[in-house]
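The following pair of complexes shares a single chain, chain A, combined with chain B in the former and chain C in the latter.
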Partner chain A sequence: MESGNRGVSCETPAILTWHLTKRYGKARGIEDVNLNVHEGEIFGFIGPNGAGKSTTIRTLLGLIRRTSGEASIFGLDCDRDRTHILEQVGYLPSEVFYYDGMRARDLLKYAASFYRKDCSARIRELSAKLGLNLDQKVEDMSLGNRKKVGIVQGLMHSPRLIILDEPTSGLDPLVQRAFFDLMLEENRRGATILFSSHILSEVQRICDRVAIIREGRVVAVRSVAEMRRSAVKRVTIGFAESSTAAAAAVRTLEAMPGVRSLNADAIGASASAGSDAQSSGGSDSGSGAGGDRIASGTASASFLYEGDCNALIAALAGLDLADVEIAEPTLEEVFMHYYQPDGDSGELCALDARTAEAQNRGMTENRGAAERPAR
Partner chain B sequence: MGTRVMLAVVARELKANAKAFLVWAVAIALFNVAGVMKFEGIASGDPEAVRKLTDAFPKVALAVMGISDLDMSTFAGYYAVLEFYAGIMAAVYAVALARNAVSREMVDGTYEFLFVRPVTRTRILTAKLVAALVCAVAFVAVNLVSSLLCLGLLWDVPGLSGGSGPNPAAVVWRFNVWLMALLLVFGAIGACASAVCPSPDRGAAIGNASVVVAYGMGVVYDMFSDHEAAVAARVLSPFRYATPADVIAGSVPVPFVALAAGLAVAGFAVAYVAFDRRDLVPR
Partner chain C sequence: MNVYLFELKAQLRGFLAGVITLIGVAVVFLYGAYPIYRDSKADVQHMIDGFPPQFAALFGVNKDVFSFGGFYRFSSLYFMLIVAIMACGWGLSIFGREKRSKAVDFLFVMPASRIRLYAAKLAAGLTLTIAAGVLFLGTVALIYAQFGDDPTATSIPLSRLLLAACSLFGIGVLFLSFGALTAVLLRRIRSVSGIATAFGVLGFMLVSLPEMTGEEKYRVISPFTWFNVSEALDHGSYEAGYAGLAAAVAVLCLTGAAAVYARADARGL
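Let's turn to the complex of A and B:
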């Protein structure tokens, strides 16, 4: 899972997990999580609530004990060398709870007492930057101000690794901006950042790479730039008459490798036909979202395409279309694809493998897809 | 740096314990003042009448009230009954202290603040248990001082000073040593239960159940005239490891003191191991 854009170096990774697994009694934990976060990187960790982001983070921090697998930070084992690791780690939990009756100043002083460094200058600097009143009691603070206290306590000892679990929830846009600037500044200083979120736009904003976690498993690790720029396209086609031509076109597309999340609109017959076509090498139909509605009497279809664009154009050329739009998918769409709850997991694994390979080879290996042009 | 960190945690913990401690301290002090001062009424009456009154109760009732085998007309016997109740309070307080030491951070959600610092869990738990111990010692101190102060006010009560039997002040001291031992034993049980149980509520419930069981077994033990036959009940009741007669006389029942020490050591040891291994998760 090396990223292509950074060059593989032999330095110890900031975070390395190998088949990291945590199972709780009933609740889902995480399964076989493999991560490799390079030092100096801003690494996004994205997935819906309950996918296992916090579980992974808490395992890394030694709050919970892994069931199996390995986890290390800066080459030190997360369980055995916990205290050494934590000297160099700053953590901002998703929900910030603090002790009753403590002023922000006292709380930060308490937190600072655990480190060898003198943090008082940093505390002053950070709170000035965030506009935080240190004399207010934490329990009287708004959620946003509490988060600020959380940010200060996470950064005050100038950690080499900063772990943020849903850091922006509850922050207003202005503070969010200050927060992101602060993170980029820390990153320039040399800090590695692990940033967990379920909001793609904010990950997109600062992260270099992102791991997508779904139901306790990492389904893909990609660079953010590549994720948007890669061969994945959102293709929307319109048909003049909604009858047989459209149905035939949908069947053709379903059979085509690299086509995913195909949604056909106003084509009654093929919508149901699509659901049993999942094994046909990559098509994945009928998520129920529905395509864009065009004027009545016409039909449209929309899908994600990943692969050689010549094959796509060749396939489209064989169709009788009224309209076509090929656009860059939003990250949301890409993400939704990885996180389709009823998606075929075999396909996702294959995709993951392909992704990893593609990252090394620059996304050119999907040639195989082109060998089967549209009939 | 180790001790500085520990002291910071202890101070933080003492602050968190302060409010509950005040309530307990006031309660035990008032209980002592009311209880010890009432002895004036008993002592000024006819001792024979008091004995007759207590003899009139069925044995079960006496056992339930903790009056078995005690001569309520003497200060020692009377104070033994008072301290039986103080002992139950102490046991409940000990379980609460231990539960707070082990799982308060998880309940309050502050564990994600504290347990991501570069300190071992063992150190943090030690600091928290030290703070709990300070509260326990202070609780006994309040009990001791309030008892001795009240005793001082009773100096003119007939049959208290002079006369036969042990020195009342010595009896007070001995019962407070007993109380301290009880706090340690139940603290260990409470810490163990809270550390082992994933749910703090369940941990506290088990700790409190141990107090109820100990009390019940104490009653069973008291009901048997032939105490040797009820040794099993005694083993299950830390309240009776040293009987009131033992404490009044200042005698040390070695096997049971050893049992108490063993329970305390084992309880805290298991608590440490379980706490180190457990998952720290919100509750």
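Let's turn to the complex of A and C:
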């Protein structure tokens, strides 16, 4: 699916945060989050559960107060100019809750009464697109239908910025598709979209750039095109015949560029390839224990691969395999792949540091270009 | 305006239930029980004379009971109790509505300042309290008129009776503010009626503290006694100090609630 409006404005950023920090007492919220979302782009915000995505979003929306740092939307301060900001923002939370006993129609009418424009036509149009029955009571609705009410509520005032916090949970594939189409349509209209998710594929599907957040910190901001070029795959292969074939395959893969985190199950000790574990030699050292199982035809190996897919296929074609599976890695695997802790300090690897640094430089430049919100 | 009307509409059922209870009890007490009481003046007088003074005081009974105003003095504690529970419940319900239905995010991402939202909710709560008070005053005046030709009943004039009944406005606003503050402070409001009843009953029980101990100083912690119905009936005024205390406490609670409402983090679900 094509991304929508790719015309990125050089004007005031849609979202700008500078060392944005939120702590809940001693508990971690977010630390030094620096984001710069351009107007007109679809910006993904990805990280595992509890990484700080929702905290960042809730701070931007003024639902919670920042501990330190700065946050602005369209150049307006997220705390001081909250009301003006919210007129231009549509928000879809991960879980949608409304007042009991209200029909969707009444609820949306109530929500619309806060905006200085007539939203009734837009409510009808969006409801029709999503197949939402406005006369049903919200409490009687399924999770998916409640979410549809949330979508209508978030878009009915044609916001300039749409903030989506894990929006697809509870939506069936058909509605998800309609939802993504709707988002792209909104983006073509000129809306900026901040799309938070823990599902890499759906972020890659529509976003221009992606910020990766882990343990409260933004560890990287990358363009989706760049991520696609360096798409990481989880490859799992099975061996049917001999232990020698399996051991030979593992040795071949170990030597192959782009292969990391190689685990050879049932061959013996797990063999790790790549820069961090080149010397493991797992296939040899563990062959005794795993040999019986290989003989019984249960050996398998899995690894992460980043690089040219043709090279991978060519390498696999030369192996005697019983089974092969090439899948998208889990988010955690992506993190492990890109952001291996540094051996000495436990800090993120050089790539991560470079990315964060580059991002900060960008922030500084943008802060200079954009009108900094007046204190 | 939208939030104000929304809250009024949402609270309509609770309002009607409260007001019907209040007026129902007023009719039963003042219209139903009063004539029986008045007619058994001699017997009751004889019975009260047999009570120890503290015991009689516990029930709010004194020798003025045979006039309509005097009987109101006796009944007023129960009206106060009903209004206290009712208003506290409205405060809890109005200011805790979003917390109870987990719709905090919904309201707080609307383009309206939290202070504006708070003010609209407070206005709705005050409207309900005042409306209930006005309806009660009207009921009392109507019932009083039924005994207009009875000199025993009308020995205390209507104006003083209405002034005494105005204590319910004070109690209403005070307990509305208790409810509002509680609602914004509590993380989760499990039972509006439970908390409201606890506040009301506590207020009711604290009335007997200064009366039973004879210690005037305990009135400071007994909100029902801040609005001295006897003073209103006998002298046509309230005690300025206690009325001031009530106003200060209400303002303090409402200001505190506003500050918390405007500043507090809307916690995730």
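Operating definition for what follows: the second predicted complex is superposed on the first by the 224 of 375 C-alpha atoms of A that agree within 3 Å, B and C clash if a C-alpha of one lies under 4 Å from a C-alpha of the other, contacts with A are read in each partner's own complex, and residues count from 1 in each chain.
Note that in this section a contact is a pair of C-beta atoms (placed from the backbone, for glycine too) under 8 Å apart; a residue touches a chain by one contact, two chains touch by 3 or more.
In this text the structure is predicted, and so the values were computed from the model without any measurement.
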item	value
When chain B and chain C are modelled together on chain A, clash or fit	clash
First, second, both or neither for A:18, with chain B first and chain C second	neither
Chain B versus chain C as contact partner of A:84, first or second or both or neither	both
Overlap of chain C and chain B interfaces on chain A (superposed complexes)	58, 61-65, 82-84, 86-87, 89, 91, 93, 95, 97-100, 110-111, 113-115, 153
Sites on chain C touched by chain A in the complex	2, 6, 10, 97, 101-106, 108-113, 263, 265-269
Residues of chain A that touch chain B when the two form their complex	24, 58, 61-65, 82-87, 89, 91, 93, 95-101, 110-111, 113-116, 153
Complex contact set, residues of chain B against chain A	1, 4-5, 8, 12, 15-16, 108-113, 115-120, 277-281
List of chain A residues in touch with chain C within their complex	54-55, 58, 61-65, 82-84, 86-87, 89, 91, 93, 95, 97-100, 110-111, 113-115, 153
